[in-house]
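Both of the next two complexes hold chain A, though its partner changes from chain B to chain C.
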Partner chain A sequence: MKKNGVKMIKINSKNVDVFYGKKQALFNINLDIEENQVTALIGPSGCGKSTFLRCLNRMNDVIDICRVKGQIIINDFDINDKSCDVVRLREKIGMVFQKPNPFPKTIYENISYGPTIHGMAQSKNEMDEIVETSLKKAALWEEVKDRLHEPGTGLSGGQQQRLCIARAISVKPEVILMDEPCSALDPIATAQIEELIDELKKDHTIIIVTHSMAQAARVSQNTGFFHLGELIEHGSTDKIFKNPENKKTQDYITGRFG
Partner chain B sequence: MNLILFIFIVLLGFTSYYFGRKKAYTIQSTNKRLTALPQFYGYYLAIWCAIPAFIIFSLWAIFEPTIVKLLILSDYSNQGYLDDELNLIYEKTKALSRGQFTGEITPFIEASAEKYLSLRSIAQSSKAVIVLSIIIASVAYAYKKISSNSRTREPVEKFLKVVLFTASLAAILTTVGIVFSLIFQTIDFFKVIPLFDFVFGTHWYPAKAFVRDSSEALDPTMYSDTFGAVPIFAGTFFIAFIAMCVAIPIGLMSGIYLAEYASVKVRQYAKPLIEILAGIPTVVYGFFAALTVGPFLKEIGNSMGLDVSAESALAAGGVMGIMIIPFISSLSDDVITSVPQSLRDGSYAMGATKSETIKKVIFPAALPGIVGSILLGVSRAIGETMIVVMASGLAANLTLNPLESTSTITAQIVVILIGDQAFGDPKTQAAFALGMSLFLVTLCLNIVALRVVKKYREKYE
Partner chain C sequence: MNKNKEQLLNKRYKAEKRFRLYGQGAIFMALLFLTIFIFKIFSTGYSAFQKTWLIVPVTFDAELMMLEQNPSKEDLKDADYYDIALKSMADLDPNANEDQENELKRMVSYFFEREIKRELLNDPSLIGKTKDVYLTASDDLDQVFKGNYPRDLPEDQRRVTDYQLKIFDQLVELGKVESKFNLSFFTYPDSREAELAGIASSFMGSIFSILVCLMIAFPVAVLAAIYLEEFAPKNRFTDFIEVNINNLAAVPSIVFGLLGLGILLAVFQLPRSTPLVGGITLSLMTLPTIIIACRASLKAVPPSIREAALAMGASKMQTTMHHTVPLSMPGTLSGTIIGLAQALGETAPLILIGMVAFVNTIPGSPLDPAASLPVQIYIWAESAERGFVEKVSACIMVLLGFLIIMNLFAQIIRHKFEKKWS
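Right after this comes the complex of A and B.
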């Protein structure tokens, strides 16, 4: 989205280094993420794209040995600053994981989980509404509206992943991080999720890590190419795929390695 | 003698394995493909050694004593002895031959004892000869039989299956045997004491049964108000309840700490330390409860003006609870650790804090396992003997005051069976009735535990 012809930057990362113990996983990443656009992060396995994604909502805090350096600025605020409240940050920045991970609860409870934690609903009616809108946005409402109180783990893989997306958007996040959201799904479910991503970018900024270059080309407006912990090249998806500047990017995209 | 024979047979087994494998290699060297790996040929021969040996040993063990007895007692036939007297003579003979006979040695018995010894040695040596010759014959037969296309793998696999099956059968049959021995004695007990009096009677006073002179005829009316089990059932559940009040919160919380909060290093040291608690013998807990905790509670109670028994239910239950902590903490730690990390990630990514994640996601997911560990703790608490015998008193008071002494099923079984017992006496049989009830209670607990676990598993997987 452009305002007065200027791209709005949602996330601005400066000189991000990540270490697992003594091993450095990311080297000096500088990447700007545009608002209300889909940004794809591509690259061979172990290149650090998921690690970078997990920096954006501080999920790396969960890993004891992981250290993050540098600045990641979201809404003029450095999330690596000590004063950052991780609970509020993660309310603003949702995440969808590689494998669908619905909680062992009912479909309804899966969605109401986040709003309950953040005290977003004052009454049962409000909660019902949040659940309904989230499921509708995730294009799951029609399939599950009659069984909201059955376990979420009983759904099919594609439905589970859409349930996780609904769970993520239930707290109205500004940014949604997706870590290979379709890698455990069949082509039909993948197509549904991709369609959904396109829909979601109206209200959310989306960053998706993917192994599938076709998927990156289909869903994203911007693409960043990672290799061995470095951001080799980033720019509009069109340019990266049709006209890459860097030789490595070109090799990767044409399938010469990775 | 038997040991030497056994070692010899084992050596024979190894030798036949070696020969079987060697023959397989020989066949292989003539460029013939074998139907199985050479080892299987070896195992096959070893089985041909082991099975005949086993059969002969078992037959011998079954028939040798009977035959020897018949031969010994044949000297005494036609002399007008009764069966009981003949049995006595045989027992005396055996005792004398072992040199354990105390009493008057008659020449008759001395002669029998000598005959007994010679019969035994004949039996032993003939056993050795028969076993060895049959083994060698069977192994030789099998050795000749095996060829490049003989099936050796299947019999070996089948043999292993049979061995494993026998092992599990032995465990099951033992259980069944124990249950049956309980059942028959319990039925005998309830022939004298009405079931109603046992289940609903509120007076447990088995010492009263001592008063009876065994020569007197059994008069059921004298046992009224003697075997009313309510006080000891109540005591059992009461003490188990106190124990679980200590063990569940502490065990669960330490389990959660270990699984979720403790760093790798702390966990590495803390977990074995907690498990040391499980390694302390219960008798040590017993005297800890009886000599340290009990008097301590009494002193505190007295200083507050309370009347505390030195052998209080609180002391026994509390110490029992401490004993059960490691079971619950260690098991729930395992269960919580096995909850997939993806669930934690999902919750954290929603902005949940650690305690919210544990309370709302991890705990429900781990609940079946946690319930299982708690029920395991309960059945330990109910079955625990040593602590209650030492620390909770032996008088069966019907009370819900934790500061008084009570008694439990297990403690009463100990009380009843210590010292001399007469079989067929209601007092002894009462122990079986108690054991049976204990068994039924734990059985029900286990069934409930399995149900709960199954129900939640269906819901959460």
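Right after this comes the complex of A and C.
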């Protein structure tokens, strides 16, 4: 989205290095993410795109041996700074994982969990409303409205993934990170999720890691290409796919490796 | 070439067949041993659940009982029953001399006085009347009636005299000997007299010990497991702790008994022979079992659930308490029950802390002296009287029954509530 012709930058990463123990996984990543756009991160397996994604909500903290260097600035605030509160950060930056991972609880409880721990609803009515709007936004409401109190794990794979998306948006995050959200789904479910992503970008900034170049081309406005821990090229999806500057990018996109 | 191949193939098939045979043989052997074991226990033990009673006419003679006219309830309680009890036994043979009267008295348990008293307290109108009263037969006659007693031994080698046998046979003929369900086996405490010995004291002792053990071991073990698994940094020190927890699980139980003796009794001066000390000692043994079970089931919760919660902005503590721990509970609980079942069957440490003492009262709290079921088995197995042989097997049956129920419960929890992760 452009305001007065200037791109609005939501996330600004500067010189990000990531190490797993002694092994360096990411080298000096500088990438700007535009607000209310879908940014796709592509690249062959093990290129560090998921690692970069997990830097953005500091999920790498969970891994003991992982160290992150450099600055990641969101809303003028460096999230790698000591003063950054991870719980607050993750309230603002939601995440959807590769494999659908609903809590083994009811559909309702899956959605209400985030709002509950962040104290976002004062009453049962308010919570009901949050659950309903989240499910509607995730295009799941019609399918589950009569069985909100049945276990979320009983849904189909595609429904589970939409449930996870609904869970992520229930706390109204500014950014949603998606780590190969369709890799465990069939083509129909994939199409539904892609449609949903397009819808969601009105309210959220979306960063999606994907293995499928076709998917990147379909859903994203911007694309970043990672290879061996380096960001080789980034820019508008149109340009990356039609007119890449780097030889490696071109080879990857044309299917010569990866 | 081709022939060689065929031979090789045949050889492989034969090897497989042989292996199957060995496996089936092994299972057959295991089942055989188990069947023999269970058959032996049941065949010796089942008779302990029956008890032999002599039906003796008792005349409630107010004068002999030193009762005034219109006695109050208190008077009835304080009355002297010994003389009428003695008299009713002596009356079984009007021609008995003094020695024989003594032998007649020993045909019933020394509780006969109490049994007669209970009869009268139940129905005070019996004063002056005669009624047939059920009296517990002595353990030797009990065995005679059950057919376990070698009657053909010479008289000087058995504890039952020819005279007693004669009277007993007369009573049997008259239908005055009856076998009924042995309720007192469950309601009476231990006794030196086999016919009066029951498992109530050791049963309660076991229950109290297990409760103390549960209340100490469960919270400590679960907290330790959660901390180690979810919060503690993974470094050499925590590795060292983990190795030592596993070592602790392999320490022989008698060592824990010595620990209880040396520290709980000697240093802290806790009361000897009590379920409190027994329970604390057992909890030391159960601790590593529960920690290992709890950690295993925490490990089994997929990381994706933790990530889902963390990514929603839950703190580490919330992730653990809202998601990981509840999901690990079925495994933890079944591990706990199995640990408690082990503790329930433990004998050695309890003997060392003095729970082997002869206790003829039923403990009302963990601070009263008590035995425990396995120790009771040990005590009875050491006793010489024939009447205790069946009691040992019966007590084993009760203990095994409990262990089976507990293990079944653990299995049910595991299968019913444990989440299956695809």
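In this text, the second predicted complex is superposed on the first by the 258 of 258 C-alpha atoms of A that agree within 3 Å, B and C clash if a C-alpha of one lies under 4 Å from a C-alpha of the other, contacts with A are read in each partner's own complex, and residues count from 1 in each chain.
Going forward, contacts are C-beta pairs under 8 Å (C-beta built on N, C-alpha and C of every residue); 3 or more make two chains touch, one makes a residue touch a chain.
For clarity, every value in this text was computed on a predicted model and none was experimentally measured.
> Which term applies to chain B and chain C once both are placed on chain A by superposition, clash or fit?
Aligned on chain A, chain C clashes with chain B.
> Which partner does A:158 contact after superposing on A: first (chain B), second (chain C), both, neither?
neither
> Regarding the shared-chain residue A:91, is it in contact with chain B (first), chain C (second), both, or neither?
After superposition on chain A, A:91 lies in contact with both partners, chain B and chain C.
> Is A:229 in contact with chain B, with chain C, with both, or with neither (first, second, both, neither)?
After superposing on A, A:229 lies clear of both chain B and chain C.
> Under the stated touch criterion, which partner chain does A:167 make contact with: chain B (first), chain C (second), both, or neither?
Both partners, chain B and chain C.
> Is A:118 touching anything from chain B or chain C once the two structures are fitted on A? First, second, both or neither.
A:118: touches chain B and chain C.
> Going by the overlay, flag which of 24-32, 78-86, 114-122 or 132-140 in chain B ends up clashing with chain C.
The segment of chain B occupying space taken by chain C is 24-32.
> Give me the intersection of chain A's contacts with chain B and its contacts with chain C, in residue numbers.
In the superposed arrangement, which is not itself an observed complex, chain A uses residues 57, 59, 62, 64, 87-91, 94-95, 97, 99, 101-104, 113-114, 117-118, 164, 167-168, 171 for both chain B and chain C.
> Over in the complex, which chain A residues touch chain C? Could you list them?
Contacts found on chain A: 57, 59, 62, 64, 87-91, 94-95, 97, 99, 101-104, 113-114, 117-118, 164, 167-168, 171.
> Quick one: in the complex, what on chain B touches chain A?
Interface residues on the chain B side: 263-264, 340, 342-353, 356, 360-361, 364-365, 459-461.
> Can you check the complex and tell me which residues of chain C touch chain A?
For this pair, the touching residues of chain C are 233-234, 302, 304-315, 318, 322-323, 327, 419.
> Tell me, which parts of chain A touch chain B in their complex?
Chain A reaches chain B through residues 57, 59, 62, 64, 86-91, 94-95, 97, 99, 101-105, 113-114, 117-118, 151, 153, 164, 167-168, 171.
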